[in-house]
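Naming follows writing order (A, B, C and D), and every chain is counted from residue 1.
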Amino acid sequence: MAQVSINVQHEDFDAGAELDALSGNGAAGAVASFLGYVRGGDAGGILAMTLEHYPGMTERALADIVALAQERWSLLGVRVIHRVGRLLPGERIVFVGVAGSHRGEAFSACQFIMDYLKTQAPFWKKEETANGAHWVDARDSDDAALARWRP
Amino acid sequence: MAQVSINVQHEDFDAGAELDALSGNGAAGAVASFLGYVRGGDAGGILAMTLEHYPGMTERALADIVALAQERWSLLGVRVIHRVGRLLPGERIVFVGVAGSHRGEAFSACQFIMDYLKTQAPFWKKEETANGAHWVDARDSDDAALARWRP
Amino acid sequence: MSITILYFASLREALGVEREQLSLPPGIRDVARLRVWLLARGEDWAPLAAPRIRAAVNQVLASDATTVADKDEIAFFPPVTGG
Amino acid sequence: MSITILYFASLREALGVEREQLSLPPGIRDVARLRVWLLARGEDWAPLAAPRIRAAVNQVLASDATTVADKDEIAFFPPVTGG
């Protein structure tokens, strides 16, 4: 049975420590992970990003997504951390790490979880720029990414 | 132009620090990574794993693989670390991290680099178990994983 | 029938409402009927009519046909953009 | 024509040789001909005949048809298993 841990939190986290925990001291041969950041610097002059979520449903949606991944692949560990609240450019937003025996299942499950999270988990981003704040639009490419997992 | 860094070394590395460096303080929105470990514990009673390589060709092969990935995807950073020498169960063997603007290209390029590394880069694994040492056989599934990137 | 309704993100801001406790008349059996009833309260509620607005019933994504029952928690929100 | 040959991993162990400096007779123009010539030295070299054995010329993966020239570094090895 895969070890699953999901957190929705404002606090930052230590990605290296999360990877170490996923490897289970060598029980897993392969760990694939994804980190999403608040883009900064030249990328559209973002001053800050506020992540709103739907408490309760968020955790439930993430648990459902991870359970779907576990039905498809044999996994040894799954870790999901999603931050909420106001974050600055360069800050981590999301971490998804998947441990498996081989790299194929770890990569696929990690990408699957991200694609579902992007389209099914109730988080919303509001960007602050020099021209004011606006809600980020959903991207059609995220729906397309999801579609390829469907039978 | 993507920042590329490749190391073949015996020493361990800090995966968290590598991820932080790849994010470029928010210049990249997405970092996908893979970590491979010496499997330990119950997995076949491996006592140690020795990684032999072909000095010179290894670095060249990895650079060629990363260049191929850069031809296919627009990447912001690529980091490859492969350890050689004798490693114990639970130790890191390989790290591939790819930074991009969006997750699709980061995931694809990371998996592409791993699939090529597994089949084209001159590393060889020798396992020590209670029954003696033996060279690890190449897996057909690795050739299959490579095939899907070909036109 | 008494329900709680939550609004999130741009929809919450457009409506100026985060949460409502409502007593519904009989016959509001599903999400589609609930939405029509909410919209009938006046044009301030027009943002709720946008087809892109999603619904959840008891914290699970819902469709127009999803049943609405007493004590349910219903949420309306725009497409999600986390990750 | 003088070349260096390197052997790696299980092939190196099977042959008991890690590296050779060789002067080749004329006519050994490609990897296929080089392999035949090396095998002709005696049955100790039989492990080199296995079809799974790969070759590299000057640190680039090679095929049977890859040209061999003076001062080249040729390597023979089993399928790789890193990562």
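Heads up, the rule we're going with is that a residue touches a chain if its C-beta (ideal position, glycine included) is under 8 Å from a C-beta of that chain, and two chains touch if they have at least 3 such contacts.
Everything numeric here is computed off the predicted structure, so don't read it as measured data.
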item	value
Chain separated most widely from chain B, comparing mean CA positions	C
Rounded Å distance between chain A and chain B, as computed from the means of their C-alpha atoms	22
Averaged-CA centre spacing for the pair chain C and chain A, given as whole angstrom	27
Rounded Å distance, chain A centre to chain D centre (Cα mean)	48
Contacts with two or more other chains, residues of chain A listed in rising order	36, 103, 114
Per-residue multi-chain contacts in chain C, two or more chains	83
Set of all touching chain pairs, with the criterion as stated earlier	A-B, A-C, B-D
Sites on chain D touched by chain B in the complex	6, 8-10, 13, 52, 56, 59-61, 75, 77-83
Chain A - residues contacting chain C, complex	36, 51-54, 56-57, 60-61, 82, 93-94, 114, 117-126, 135-138
Interfacial residue positions of chain B with respect to chain A in the complex	14-17, 19-20, 23-43, 89-92, 101-104, 106-107, 110-111, 114, 141, 145
